[in-house]
Each structure stands twice: as structure tokens, then as C-alpha cells.
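Same chain, two partners: subunit A is paired with subunit B first, then with subunit C.
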Partner chain A sequence: MTHLLNVRDLRTWFHTDRGIVRSVDGISFTLERGEVMGLVGESGSGKSITGFSLIGLIDRPGRIEDGSSIRFDGRELVGMEERQLRRIRGKDISMVFQDPMMTLNPVVKIIDQIGMAIRAHEPASDAEVRRRAVEALARVRIVDPAHKVDQYPHEFSGGMRQRVAIAIALLHRPRLVIADEPTTALDVSVQAEILKEVKSLVAEMGTSLIWISHDLATVSSIADSIAVMRRGKIVEAGPVRRVLETPEHPYTQGLLDALPSRSRPGELLASNATEAAGKMDFSGLGGAAIGAPPDPAFVEARGVDKIFLAQAGALRRFAIRCGLARPPVPVRAVSSASLTIARGEILGLVGESGSGKSTLGRILCGITPPTDGRVTVGGAPVMDGNRKHGTKVQMIFQDPFASLDPRRTIFQSVAEGPVVHGFCTRGEARAYVDRWLRAVAFDPALADRYPHQFSGGQRQRIAIARALAMQPEVIICDEPVASLDVSIQAQVINLLMELRRHLNLTLLFISHDLSVVHHLCDRVIVMRHGEIIEEGSAAQIFGAPKEAYTRMLLEAIPRPGFDIARVPGI
Partner chain B sequence: MSEARPLQSVSPLAAFWRDFRRNRVAVVALAVVVAIILLAVFAPFVVPQDPYDLKSLVLRDARRPPGYVGRDGMLHLLGTDSQGRDLLSAIVYGLRISLEMGLMAGAIAFAIGAVVGCSAAYLGGRIEALIMRIVDVQLSFPAILLAFVVAAILGQGKGQLILALVFAQYAYFVRTAHGAAAAERQKDYVQAALSVPMGGWFVITRHILPNSLPPLIVVATVQVASAISLEATLSFLGVGLPATEPSLGMLIANGFQYLMSGRYWIAIYPGVALIVLIMAINLTGDQIRDQLNPRLRK
Partner chain C sequence: MASFIIRRLGQALVVLLVMSMLVFAGVFVIGNPVDVLISPDATQEIRRQVIAQYGLDLPLWDQYLHFLRRLLSGDLGTSFVFNMQVGTLIAQKLPATLELTLIAVLFASAVGVPLGIYAGYRPDSIAARVIMAVSVLGFSVPTFWIGLMLIMVFAVQLGILPAGGRGETRTLFGVPFSFLTADGWAHLILPALNLSLFKMSMMCRLAASGTREVMLTDTIKFARAAGISEATILRRHVLKLISIPLVTVFGLELGSTLAFALVTETIFSWPGLGKLIVDSITSLDRPVMVAYLMLVSALFVVINLCVDLAYVVLDPRLRHGRR
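After this line comes the complex of A and B, so read on.
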């Protein structure tokens, strides 16, 4: 019996003005019927391009090079006419994308989207479309499918939308589903449910699945086999257990070592990226926090409330009075939150999207004024009216691609705060900035370049240097590693731990990733719907959680079917 | 992307020029704009006659057709006007004034619009609402009408006309700057600067404004062209520049009365010059817009 999918020497190159980019460069693998394969790699490894190549969705200037072969069920897909490919696409091979917002048309009802997908391959009456749509939604466990099919995508939550996308992908009982980071944009608890459901669905239907992800833990919980990609090549492939327990390639080993869940909390993570970046140089750094006396309530928030209320304009107010428009609904983002952080402590703040954790972080930093309540650092209020008071609290943002001004050089970005606030004069700025860049292992010689010339990890280190250069005593880290690859994530975590040790910094670490929080934080606060529901030391929260919600979050952390922590060589 | 691999770097300007070169029409248009600007700047050294020097005018050579050789041996390539002035020289000097008016008005409106628009987006609340409603009201009037009224009130003169043009046009810049700045205002790098905390003026001028420039540049090319045609219209109607500063609009107006008497060149050639100038600016602007529009970017 032949393989369902046999890929030989697949090369997808992009012929750009700046030369040829070999996104996929000679990969080969086979996939059996009913097999679930995880395709793992860091950003830019070519894993998504591989997925797109399989269903022939490569746009110019990209091209599948001659000599590549993709045999699906005995038929060669490379060089196949577009008309024939379209007959296969969506019927025999279908795809699920990362962002369900992008794949569902916001102005078309769910039933019509499903109808379009059905009628693309076979005629169907309206009644039959309805019957099959309801059936498809029921299959992905959407409650009340008969009613839900008549709704629009915006009436669905992110997780439900992704379920709809999966339902559409499974409509024609395809023999192969390619899922490209389908759970990356979702909360952990939703991700856990979807992983479980997809696993049982493909098993039940006998569908083969290629699960593309950057996250080893997610992949290992669903896949039978795994292929690790790096720079357009597969560096290692095999049964998931074999690859994770006895990785043969140093790159795979490195990826595994960088996972916080595999090392003891508080220890530096093994990270090739940390070594590649060079040593952190802490010489000549100052900081008000160094040698400061301990203070158990250095950062203190008391009864913080934040209510967002959309401002109604004059016209809208008039319409409301006439009963033509509804008054704006206040949104309670944070309600009566109180917390303290001791000097030198790392406090983890966890919660799912919409829990108000970022808003609370911004209030503590003094960017967003609270509706009610009081925030003090070292006894002094962080805000003075609606204006931020002082520079003791600085912030690091989630997306290093957005948090640096694209039109200012690294030097300008880092120097502007210290110069304005008198930490150095304009003349000393160069030497001052260099010291802080060296502290985050960033080569000061590159400081006159613009952010777009650097990778995500480098940019995040620049953003950290910018915060450090203000000589803060407290740093609010809002998901600082969420958009980074694991090896880079390990590097940034290591950096934060080293900085805390050398500079006696107090950190608030906001994250949805519990394994990172477990590794880094001394104490943890769990937020839900704007309220702090549980607080305790890391050991207590992760060892003996009191609240059911916390337990649910902990159970949702993706784990392989076997105990990865006992893998030898750690 | 892997560690420590800065992208091979082409400066943004070089990359821009590389894409620009692909559109032949735009390259030709740009060449025409540059040529006209050079012509206007070096007008005294290029043209055969100083059209303002009344001594050099030969009244008996008035209203001669293109190609006429004057009594003093001067070749009038495009003929002469009613005062015996060499039309080519008059057009080049007219272009000079038209360009000067267009660029000055465009630059001032750009500066006002950028600062007001970005500040409105930064400040938000009532101030933003107030500024934008004023702009909305102004945009609902035809620009020509506003310019006409202001020019009529202020009287003739270069400064007055520039003021009228700025008044008619600044609202487009405010609108565009506000739209771009409101989007930038929400971005993390602005939040990061505010969290330092950096002052409002610093954040507006160093962060928000530079990042809001691309759409403003596009509007600027369109508005300079439109300022030139506005100025020509006003001068044609007699509320623009004084007779001592003959712009293209006035040349057209002067020739207008001869149009039916067969002496077409006195009005037609300044008109052609105006059309060429505005078309060249607009075609260049079109290409810039296409390149700066992220939706069209490959």
C-alpha cells in the first residue's frame, strides 16, 4: 500500500529582488492514512510555507521548484492544473488557519459559509445544506447548532470561530487536514478543549492531519510523529516519543532544553540564543534599587477599579435621550484589585484574555489612570491626577515589533528617556546607552540601525534596555515572551532573572503561559473577569491550587502523552 | 527568524526609488516636474527676454505668431502677446510664480495640518472633537469658493493669495494627519514613550508625526497641484496676483480676449504649460501613493 502523502525533495523558493529566499529547501517526508504529524519549527523555518505548498497555494514570487514531488494518494500535485487542484483543495485536502477572524467572512452567516464550502464541490439543496451545517457544527461540539448556524461570525467567541473553521475543513471528510497554528491565538483552556476534540475527530474519521506549530508541548500532545524544521530543512523526524526522549539533532535538543517546563524553577534555562548573543555585561550600571533595604509592600495597590465607559458625543447623547440609541455600556475591566509586591520580588499575574491583567499592569505603571483606588511605589503615588509621576516604574510590552518606533534608531529610542529625565546629558548619551545595551547582550555598534533590521529577540532586548536605561526600581512586563520563539523566550527569561539578581529589580510578570510563570516567579496572582481570585507563592499555586479555575488552567497546559520531565539528559 | 542576522539592508529611500523606477510614466512625469522646477529657478538665464523689463519690449512686435523673428533679431518661439512680450519667456516666469505659490501654500498648509491633526489625535476628547468638526464644516465647502472669498477680502498680493490658498487647503491635511495619527496613537511604541513618561509635545513631534508622514506626503502632491490650479483660477478671475506678478492664470486671462480672433497662442500655450505641470505632479503623486499604500504593497 502506498503512503497517503509522499513528499520528495520539496523546494519552495521565493524569487525576490534581493535574491532567492529558500523558504523550503529540499524536504522529504511521508504520511500514512490516519497519521497525525506535527510539523514544528521556529518562525521563519518554512513550516507554514510547507503547508501552503502542499495545497498549491503559493503566490508569486514564490515557486515550487522543478524536481519537487508531492504525491497525494498516488497523484502528483506539483505541476497539476489549477482547475484540478481546486477539485482536491477543500475536498480531499483542507486547511485550518491560525486566525479564524481571517478565514471566516464577517458579513456572511455561518450557514451560508458552510453552504459555499459544500457547493464548491457538489450540488446541494437548501434543506440539505442546513441539515449538513447543523450536523457539522454539532460534530465540533457547538451548543445549539440549529440556532447558531444562522448567526454571523462576530457572534461567536474566538474558540467557537476556530471550531467553525475546523467544521468547514472536515465537511467533505477530507483525507488530509493541514492545520497551521490553529490554537496559537486562543486561550489555554480553549486550546486544551480543541486539541482534545480534533484528536478524537480525526481518529474517528480516519483523517490524516498535519499540525503545524511552534509549540513543542502542543504538538507532542496530539501528534503520532513529529518533524522539526529549521531554515527550510527538516533536521529531525520520527515518532513523537522517540524524538522527544532521545533527540538526535542538537537543534531539537536545544529546543527541548529551552522549555521552562523541563527545568527547575529559578534556574537559568539552557539557551543557544543566550550563548549566541554573547555575555551580558553589567559593569558600570547604576540603579536606585541596588542595595535598597527590603520592603514587603514596595509596590502596593489598594482597591483598584477600572471601568471603561465609551464617551457619547453630543449627537449620541441626544439620540439616547430620544430613545433612538442605547447608552454606552460600562465595561468593568478591573474590580477592587489589591496587591503588594515586595522589593526584589517577581510577581506573576496570570489570566486568560479579557481577565483585565494587562489593564491592571498599565494602571500599576501609571499609563492608565484607575477609576478608583490607589497605587503607590515606595510610599509615593504612581500617578498624580491623570499624569504619571516619576520614572520608578517602567514597562516592557508584548510585541517587540510594535513597541519600538520604526522611524527612530535604536540609539534614539533608548536615549530619549534618560536625556529628557536627566539621567545623562546629551553628550554622555552615547556611552550611557552603550552600557545598557551591553547589559542586555546587544552589540552597541549596531545602535545606529533601525528596528526593522533586527529579529524579535534582539528587539525585545532593545526594549528591555530602553526600560532599564530609566534606572527603574519596578518593571511591568506585559507578556514579554508571548510572541517569541522558545529559544528566544528562554534567552529573555534568563535575561530578566539575571537583571533582577544584579539590579535588585522588582518585576510584575504578566503572562498567560503558566509554565513560564512557574519557572520565573516567586509569587503568583490569578485573575478572572477583572478580579483577583487567588494569590499565593508559586509552589502553592502550582502544587496545591485552591480555586477550581486555577486548577482548570493548570490542567489545560498541553502535555505529551508521556512524562516529558523524566526524559533523560536534563 | 534566527538570532543575530540583521537583514541585508537597502536604505528605505533606495528601495523606494527602485520601485518607483518600474513605472515609466511616473519616471517621465517626475523628470518633467524636475525640469520645470529647474527651468523656473534658473529662468533669468534660460529665457531670451526678461518679460518684466519694459524697455526690452517692442510694441510693434505685439501679437506675432509662433516662430516670428522680431525686429531686434530675437526668435519668438511661441509668439508674442499683446504688449510684444516674448510668450515663452512670459510662460517660464509665469511657471516660476505658479510653482512658488503652489509650493509655499502647500508647505504651510502641510505644516499647519500635520501639527493640528497630530495634536488633535494625541489630545483626544473635546479638543479633538472641536477641531475635527471645524474641519468637517470647512471640507463641506468647495475649496475654490473659500479661496475666492478670502482672496477677495484680503485683496491682491502674493502673501494674501498664499494665505487664501492655505485657508482653502489646510483642512485636507488636518483630516489626513488626524486619521494617520489616531492609528499611531494606539500603537505600543507611543504607549511605551508615554510610560517613560515623555512629554506630549515630544511624543507628537518625535514619534507620532514622523510615522504619520507617508499619507501626508501623498496628500501634499495632490494639494500642491491643486493649489497651482486654484491660484491660476483666481488670477484668471482677477482676484489673485497683481498685474506686476503675471502667473500662468493671468497670462491665460490676457490671451483670452484674442482666442476668437485667431491669435490662439497667447492663451493656449500658457494653458498647455499649466496642464503639463499639473499632470506631471499628479502622475508623480499617483505613483508615490501607490507605493506608500500598504494595501497595494506586494
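After this line comes the complex of A and C, so read on.
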């Protein structure tokens, strides 16, 4: 029997004004019926473009070059007429995307979206569409599908929406499904459920699956074989176990070494990006924290509550009094949270989205005032009324693209705070900023460029330098590595560990990624529905969790069928 | 939902009240109608009588209260010039304007939106470039000039369409309308086209930019990956996604066209509200001006309310968010 999919020398190039971008540059692979292949690579490696090439959805100026060949079930897809391609799309090959918020149309009912996908390939009566839609939702284990089909996407949670997208992709029992980072935007526990479900669905239907991801751990838990992409080429391919146990290409080895789950907690991670960025230079840096005496309760929060309440207008208040309208429902984001962080400690704060971990972080930083409770740093309150007090606490945010002003140069962004707060004069600013940029291994010669000229990792380092330049004693990191590639993530983690060591900083590290937290943090706090439910040293939490919820989170960490941490060669 | 409508109606009342004060004070500042109404050689006695008759001797706040009191009983006052009820006067002229603007705005949407969607769907095609270039012209060339050109070409040179007037009308619900007769349509077509060009360009550009944006989203990619045809994607996905800004502009344009169609109405001697307000301003006919401006604000308030209600119909997220 022939292969289901046989890709030979696939080249997808983008012909732009600035020259040709070779996004996919001569890759070849085969896929058997029922096989699950993981396609792994960092951003810009061409893995998504490969997926879109297979389904024939390359937008101009990109095109599949002559001489490329994609044979699907004996038919050549390259150069096929658009009309015929459309007959294959959704019926024989379908696709699931990363962000379930973006893929479903927010203003069209689920049943209509499913109906359109059904009728794209076969005529169906309204009654039949309804029957099949309910069936499709039931297949992806959506509770009460008969009622849910008439709802709109915003009435579904992120995981449910991704299930709907998967249901649509599986409508016509395709022979190949391409999944492009389908669980990246989801919580760990939801990700684990969806991985399990997709695995059993494709096995049951005999569908082949190409799972595109930047996350080696997820891929290894679902795939039979794996292909590692870098700069448009497949650098290594083979059965998943072989590739992970005895990687032949140094790039694959590097990706594996950068995974926090593969090295001992607290050690610096092996990272090409760290070496590429150059050395961190800590000379000439100041900071109140250096040489400060130990203090077991340096940061202290006592009984912190945060309730968000929508303000009702005058008319609405009147209507509420008359019983015509319901009063706004208060949202309890954080309830009676108490914690301490010792000076020089890294405390991990974990929980799923909506657990209140970011709100607690903002309260500790003094950005959001708590409804009740008290936060002190070194004995002094962090807020003075509704205003932030001093510069002792700084914050680093998740998205380095959004947290830097695109219209200011790096120098302007970093210098603003220190000049305003008197850490340096305007005249000294240049030398002052350079020192902090060198500390995060960023070349000060580039400081007059704008943020868009830098990569995600560089920007996150700039954001860290900006926080450091305020000479803080505490830094609140809100998911600082969540949007970064593995090797860049390793670099930022290394940086944070080095900074803590040299500057005696105290860190609160908020994350949903438990393997990173395990690697970096001394102590861990687990939050759920705004409450702190478990607290302990990293070894305790990860070794012997007490709460069922913590155990569930730990079990949800994707793992391959074998123990990746015991793989030799580290 | 009900509380939302009640709240909006409450706000509308406040807006109208404030508007009535502004209008009343503003009109008072423009000039004294007595100078226009009474011939210069009238005796002092006649002058005094006329001033008292129209209530112009009272202080402004007193006049305003009188006005409000009459308004509440549905009486908009009597025109100084025509010596008839302002309500009747406006009711006579309103259908003509209503007819003209509705046809113009509907025409603008029916032509502009599909052209815009096409231009946004294939932005690199020659047709799209032509559409976008012409739409810039539609924006920038003054309405009066286009109106004059239309008359020059179709009425004077070719002589196939009349240059002005309403033509033959037929009565519907006791109100005369032009669009019910062929002659009426011949009279309608030029002014309606003239009035709609600007709006058409606006709708077209708005639809084009919206479509371009939507076509790049994952929603469309996902729909294409499911094998859904391009026609279905445009009709069922794109049109729904771009409809909210379109409805906003449709509402605003409908309001402003109703209120300020006067340039076109003047050029094509269309016997609508525009002509009435121009005449009443020159003759300082205060009751007509006040009533007209109040009517315009009321129209805007009503149209905006309709637009807000349309949002709720179009965007399910609003419907459920407001529970």
C-alpha cells in the first residue's frame, strides 16, 4: 500500500519586495495511514507554512515553487485546480488552528458554522444538519450538545471552542488532520484532556494527524514520529523515541537541553541563545538589595481581598431599588490571600487562567489597590492610598510586544523611569542605561533602535532591563516566558537566576507552566478560584502534593510514553 | 434589554431638553424678526401690537417656558411668515425629503457595500483600484458641483431627465409620493444620485477596509480549510463581521442626509425641508427654525437608538453581555 501522504522537495517561498523569503525550503517526508506525526520547530521555522502548503492555503506573495510535490492518496496536490482543491479541503484533509477565540466566527451560531462546513461538501436538509451537528459535538464530549448547537462561540470556554473546531475538522471523517498548535492557548489541564481526546478520536477513525507545535513535551506525548524543523528545513526526523533519546542533530539536542524538565532545578539551562547573546556584565550596578540582611518576611501580604464590582449608574440604581434590574454581580478575584516571600527568594505562583494569580501579582506590585488587606515590603506598605509607593517593586509582563512603547527607542523607554525618580540625571542617563542593558546581555550600541526591530527574546530582556534600572528589590514576573520559544525561554530563565544571585533580588514568578516553575522557584503557591490552596517548597509541591487540584495540575503536564528526564546525554 | 431601552429613552429626553434650550437661545441671537416682519413705516402703535401678538415682548426665559408648554400639548407654534401651524408646514414638506434621502441612502448602501466588499476581497485587481480611486473622487468633489454637472448633462445637453421639481405624485396613506409614478422616478433619479454619491463612497471604502481586515483573520482561514466556497464565505462570514461599522455609518448618514439635504434640494428645486429651512432663516421665522432643529435632534436620537438596537441584533456578544 502506498503512503497516505508523500511530500517531496516542498518549497514554499514568499516573493516580497525585499527579496525571496524561503519559509519552507525543500522538505520531504511521508506519512502512513493512521500515523501521528509531530512537526516541531521554533517560531519562524516554517512549520505552520508547511501545514498551510499541504492544504493549499498559501496567501500571496507566497507560492509553492515548481518541482515541489505533495502526493496525497495517489493524487498530486501541487498545481491542482482551486475547485478540486476545495473539494479535498475539509473533506479529505482538514485543519485545526491555534487560537479557538479567532477561528470561530463570533457572530454566527455554532449550528450555522457546522452547517456551512457540511454543505460545503454535500447537500443536507436543515434537520439533517442539526442531527449531524449534535452528533459532532457529542463526539468531542460537549455536554448537552442539543442545546449547545444553538449558542454562539462566546458562550463557550476556550477549551470547548477548540473542541467545536475539532468537531468541525472531523465532520467528514477526513483521512488527514493538520493541527497547528491547537493546545498552546489553553490551560494545562484542558490541554491534557484535548490531547487525550484527539488521540483516541484519530485512533478510532483511522485518521492520520500532523501535530504542529513548538512544545516538544506535548508532541512527544501524542506522536508516533517526529520531524524537527529549523529555518525551512527538516533537520531531523524519525520515530519519536529515537529522536528524543538519541538526537543526531545538534539543534535537536539544543532544543532538548533547553527544556527545564530535563535539568536539575536551579541549574543554568543549556541554551544556544544565551551563548549567542553574550556575557552578562554586572559591573558598576547598584541596588539597595545588595548585601541586605536576610529577612524571612521581606514581602508580606495579609488577608488580601480583591472584589471587582461594576459601577451602576443612577438610573440603574433606581431600577435596582424598584426591583426592575438585578444588581451587578461582584467578582471575587482574590479572597483572603496571605503570603510571605523571604529576601532573595523566588516564589512561584501557579494556577489556571482565571485563578486570580495575575491580580494578586498586580496587588503585590502596587498597581491595583486591594479591596481589603495589607501588603508590605520591608515593613513599609507598598501602596499609599490609591497610589504606588516608591520604586522598590517592579513588574515584568507576559507580552514584550505590548509592554514596550513602539514609538520610543529602547534608550528612551529604559531611561524614563530612572530620570523621573532621580536615580540618574538626564546627562548621566546614557551611561546608566548602558550599564543595565549590559547586565541583561543586550548590546548598548543598539539602544537607539525601536522595539519592532528586535525579536521577542531581546524585547523581554529590554523589559527586564527597564525594570532593573529602577533598582528594585522585588520583581513581579507575570508569565514572562509564556510567549517565547524554548531556547529563548531558557535564556530568560537563566538571566533571572543570574540576576537574583548577583543583585540579591526577590522574585515572584507567576506562571501556568509548571516545569518552568519547578526549575526556577524555591517555593510554590497554588491558586484556584482566587484562593491560595496549597503552599510549600518546590520539592514538596512537585514531590508530594497534598491537594487533589495540585495533583491534577501536575498530572496534566504533557509527558511522552517514556521518562524524558531519564534520557541520557545531558 | 428593557432596562437598556428605558435608559436610552431617558437619555434621549435629556438630550432633547438641552437641545431645545440651545436652539432657543441660538435663534434669539441671530436677529430680531420684528425688523423683517413689520414694514419700516408702520406706526409705533402697530409695532407694539405686533410684538405683543407674537409674545416677543416677554423676557427670553418666559418665551421659552411658553414654547415648552405649547410643545407638551403638541403645538409647535405658528409661522410668522406663512401664518400657519408649523407642524402642518413641516408635515407638508417632510415626505418629500424623507423619500429623497431614504432612496439616496438605500441606493448608496446597495451599490457601495458590494463594490467595497469586492474591492477588499481582491485589493490588487484593476477593478478594485478603479473602485477605490473613484470613491476618493466621490468624497472630495463638492456635491453642488456634481449636481450642476448632472443637470448640465442629463437635463440640458441630453434632455432626457427633468432638471427639477417633484413631478407627478401619487397619494399613499394620504401623503403624496413621487416614487409611485414613472414621471416621479424621472424627477427623483438625479437628486437621489447626487445625494448618494458621497455616502456611496463612504460605505464603499468602509466595506473595503473591513473586508480586507476580515479576510486575513483565522476565521476565514478556518472556513477555507473546511472547504467552504468563497461566495459562502463572503456572504455568511464577511458580511456579518463587517456589518457593525456599516450600520453605524448608515445611521449617521441617514440622519445627516435627512437634516442637511438642502444643497441638493436647492439645486434640484426639490420642495423638501431643506428649502423650507433656508427660507425661514432668511426671513428670521423663529418658530419654524426652532421646530425644524428640534425635529432634527429628535431624528438623530431615534436613529441612534435604532442603530444601538441593530448592534444587539447583529452581535450576539452584546445580547448576552447585557443580561
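In the analysis below, the second predicted complex is superposed on the first by the 555 of 570 C-alpha atoms of A that agree within 3 Å, B and C clash if a C-alpha of one lies under 4 Å from a C-alpha of the other, contacts with A are read in each partner's own complex, and residues count from 1 in each chain.
Keep in mind that, in the parts below, contacts are C-beta pairs under 8 Å (C-beta built on N, C-alpha and C of every residue); 3 or more make two chains touch, one makes a residue touch a chain.
None of the values given here were measured: they were computed from a predicted structure.
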Which of subunit B and subunit C A:A380 touches, first, second, both or neither: neither
Partner chain(s) touched by A:A169 [first = subunit B, second = subunit C, both, neither]: second
Partner chain(s) touched by A:A431 [first = subunit B, second = subunit C, both, neither]: neither
First (subunit B), second (subunit C), both or neither touched by A:H154: second
Which of subunit B and subunit C A:I20 touches, first, second, both or neither: neither
First (subunit B), second (subunit C), both or neither touched by A:N105: second
Contacts of A:G44 with subunit B and subunit C, given as first, second, both or neither: first
Intersection of the subunit A residues that touch subunit B with those that touch subunit C: 313
Touching residues (chain side subunit C, partner subunit A) in the complex: 3, 6-7, 10, 124, 217-219, 221-229, 232, 236-237, 240-241, 314-317, 320
Of subunit B, residues touching subunit A in the complex: 1-10, 18, 125, 129, 187-189, 191-199, 202, 206-207, 210-211
Interface residues, subunit A side, partner subunit B - complex: 17-18, 42-44, 231, 272-273, 276-277, 311, 313, 365-367, 387-388, 391, 394-395, 397-399, 402-408, 416-417, 420-421, 446, 449, 452-458, 463, 466, 470, 487-488
Subunit C partner contacts - residues on subunit A that touch it in the complex: 55, 57, 60, 86-91, 94-95, 97-99, 102-109, 112, 116-117, 120-121, 152, 154-155, 165, 168-169, 171, 313, 315-316, 319, 324-325
